[in-house]
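The structures considered in this document are given below.
Here come two complexes built around subunit A, the first alongside subunit B, the second alongside subunit C.
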Partner chain A sequence: MIVADQKPIEEILQMVEPYRRVLFLGCQSCVAVCMAGGEKEVGLLAAAVRLARKQQGRPIEITEGAVKRQCDDEFNEPWRKTIEQQEAVLSLACGVGVNKLSERFDLPILPALNTKFFGEVERQGIWTEVCAGCGNCILHLTGGICPIARCAKNLLNGPCGGVRADGTCEVSQNGPHPCAWVMIYERLGRLNQRKNIENLFAAKDWSSGRHGGPRRRIREDMLLEG
Partner chain B sequence: MAPAIESNLKRALKSKKFVVTAECGPPKSADRKVIEEKARLFKDWVDAANVTDNQTAVTRMSSLAACGILVSLGLDPVFQLTCRDRNRIALQSDILGAYALGIRNVLCLTGDHQSFGNHPQAKGVFDLDSVHLIETVRQMRDQGRFLSGDELVGERPAMFIGAVENPFAPPYEFRALRLKKKVEAGAEFIQTQIVYNISRFQEFIARAGDLGLLERVYILAGVSPIKTPGAAKYMRDNVPGLDVPNAIVSRMEAAGKGIEDKKARAEAWRQEGIKICVELIQQLREIKGVAGVHIMAIEWEEAVPEIVQKAGLKIQ
Partner chain C sequence: MTDVKKMDNSEPKIIAFCCHYCAFAAADLAGTLRLKYPPNVHIIRLPCTGKLDALYLLKAFEAGADGVFVAGCLEGSCHFISGNLRAKKRVRSIQGLLEKLGIGKERLEFFNLSSAQGDRFAQIAREMTERIKKLGSLGVNLSPNPSPKEGRELPPFPSGKGPGVRSVEKEQL
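Here is the complex of A and B:
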């Protein structure tokens, strides 16, 4: 899923500061699952903003709502009338939702979240990045563990010399985590596939990833006429 | 046309003598006198001098420029080149430029992660990894082709290609295999992580021998004199990929015991640090397959001549 974090309340208050009538619009997909921007978070955030604005003596009129998937016009369209009556929309979707609404509606769409990564639920309350969306998957060779997403230097011929004695990575800005290449090495051992990493991995073609410019996927057979 | 300068490091290694290289850290300024001073210090004591490339991700004078200065002063530089700050376009461009400046040795590294340095907000590049970089330099040199496959028309960069390996980071049993990958990619000499744990290093060399690598690549063991017991402890406890046995920490502590005068105590520590370093060099010299040592006297380059002299090493 796409994992996101809610921005600090101070930053959100600053963004909505010029407006008196705002729709707080959540998304019921990924960001609801990772407890950042679903219906529940919309309610909590709206209450906090109302209270703060009341205390400032500048009350705000907030409409609350959540759509099934903000990344798709089909689900946003029923909200058109409501949106057009606002001065701004605070979107609690991922960045995709914010972009989608901005393409469709001529009013400021403000991001309530910092969109972070594609992640798995490591356990209750912890989400971990495991895929970088590089557009050229090699997981069949690395035991299903992605070195692009999970190695700080996205090495293809790791591990580097910065592995701690306990097998964790020396880069630990986001907390200690295992070295992806130690994980790959151990898992390939269990699968009897170590040969995979004895050979050189060629330099990666990054053009299939973000570095080739904004990406698009087209399925001709799904296109509708006109 | 002037005759091409040869790599002195390659020549020394080929002559089968025990080779000495040392690390020359560039300044955090534009002051070329710092490089000139270090060159003067090293000139009669090392076969080649490595210039680090923004080590620990702290901005310094570029390794390319500092290597160029060393060439002009008659030293044989080892151009350390990391993948952290350059994509494949810049890496290949710097290889061409380095050769044109008379630089004949390149050490291909992935590089320390930017989060350790003084610009942790930086975007790391890591387009290639060290193994790709080795392969790229070899391809430019031997096949006259860039990584893209485009022909390199004109003079090719005839670099002596080096790489690093760390025998002291897990998975230990994979380290020699990783070394093999680097040799197969084109590495001709290896400078290892700093060795304090001789027995683990011997295991690594033995494994490299089993893989037939010792005939294919020159291995220079990394050494570094320790200045204080605090530094020894810090390296033991806080530097991932370093293995400092307790015995070494204890020796450093014992060296200063009972000495009240601060200056005298610091000097006693330094002498012990140099002594340990010299002893390690002598032990390393006895290991078959070790072609030399690489001395990393970080911010303590003055120690290099003393270490080389006391270890009884000579340059050619």
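Here is the complex of A and C:
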């Protein structure tokens, strides 16, 4: 799922500062699961912003709502009339939802979240990046553990010299985490596929990832027109 | 929910979210013991403070409370093992938010007590009332859209200005 974080409340207050009628629109998919932008968070954020604005003597009229998937016009359409009555929309969806609403509606769509990564639920309250969406999957060769997402250097033929004696990575911005290549080595051992480690990966072609510009997927057989 | 509007206006309005197994029973005991505590503390009983939703706290302030406290079991004595510890974390998180909203974290507090501590409950009620009296009324209106009598005249909508271009201080408004 797409994992996002709510922006600091100060930044959100500053964004909605010029407006007196705003729709706080959450998304019930990924960001609801990662507790950043679902109905629950819409309620909390709306209450907080109302309180702050009343304290400032400038009350704000907030409409609260959430759509099934903000990245899809089909689900946003029922909100069209409500959206058109607003001065702005504060979107609690990921960046995709904000872009989608901005394409469809001619009013400011403000992002309430910082969209972070594709992640898994490690346990309640902790999400971890495990896929980088590089566009060319090699997980069948690495025991289902992605070195692109889980190695700080995206090494394909690891590990590097930064692996510590206990198997953790020297890069620990978000707390100690295991070296992806140690994990891969151990996992391949359990799968009796350790010979995979002997395969050398050639330099990666990053054009299937972000380096190839904005990506677009077209399935001709699913197109309705033409 | 407690009708905050009907509460006495001269005293600070305080909402107490109390666990059924400890603080609520302690409040009951305080009554049985004929202990006096300020009548402006309105109790909302929860089956466990673990039931506490962060939204309850913000809604209480929105509904006009000047102070809110949550009272759960002593640590290690929760009827549901860890409800009080989880509630405490939620309270700490909302305290941080209240600080950033300009309301102040002092208006929200978490207490631990047992059902046998009727005197402690009365003391907490007095302590919170005194604390909120010192801080003064929060002045948050009850109505989501205050009538002109209650609210101040709004400045004109700053058309043509994008989001985040101005930072208006409280004093300027």
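In the analysis below, the second predicted complex is superposed on the first by the 225 of 226 C-alpha atoms of A that agree within 3 Å, B and C clash if a C-alpha of one lies under 4 Å from a C-alpha of the other, contacts with A are read in each partner's own complex, and residues count from 1 in each chain.
Note that a contact is a pair of C-beta atoms (placed from the backbone, for glycine too) under 8 Å apart; a residue touches a chain by one contact, two chains touch by 3 or more.
Since this is a predicted model, take the numbers as computed values, not measurements.
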| item | value |
| --- | --- |
| Partner chain in contact with A:G167 - subunit B first, subunit C second, else both or neither | first |
| Which superposed partner A:A203 touches (first subunit B, second subunit C, both, neither) | first |
| First (subunit B), second (subunit C), both or neither touched by A:R50 | second |
| Subunit B versus subunit C as contact partner of A:K40, first or second or both or neither | second |
| First (subunit B), second (subunit C), both or neither touched by A:V16 | second |
| Partner chain(s) touched by A:G95 [first = subunit B, second = subunit C, both, neither] | neither |
| Partner chain in contact with A:Y185 - subunit B first, subunit C second, else both or neither | first |
| First (subunit B), second (subunit C), both or neither touched by A:L155 | first |
| Interfacial residue positions of subunit B with respect to subunit A in the complex | 83-84, 88, 110-113, 115-116, 120, 124, 126-132, 135-136, 147, 164-166, 168-171, 174, 177-178, 180-181, 184-185, 193, 240-241, 243 |
| Residue numbers on subunit A that touch subunit C, as the complex places them | 8-11, 14-20, 40, 43-44, 47-48, 50-52, 54-59, 61, 87-88, 108, 110 |
| Of subunit C, residues touching subunit A in the complex | 54-55, 58-59, 61-62, 97, 100-103, 138-141, 144-146, 151-152, 154-155, 157-158, 161-168, 170, 173 |
| Sites on subunit A touched by subunit B in the complex | 152-165, 167, 170-171, 173, 179, 182, 185-186, 198-204, 206 |
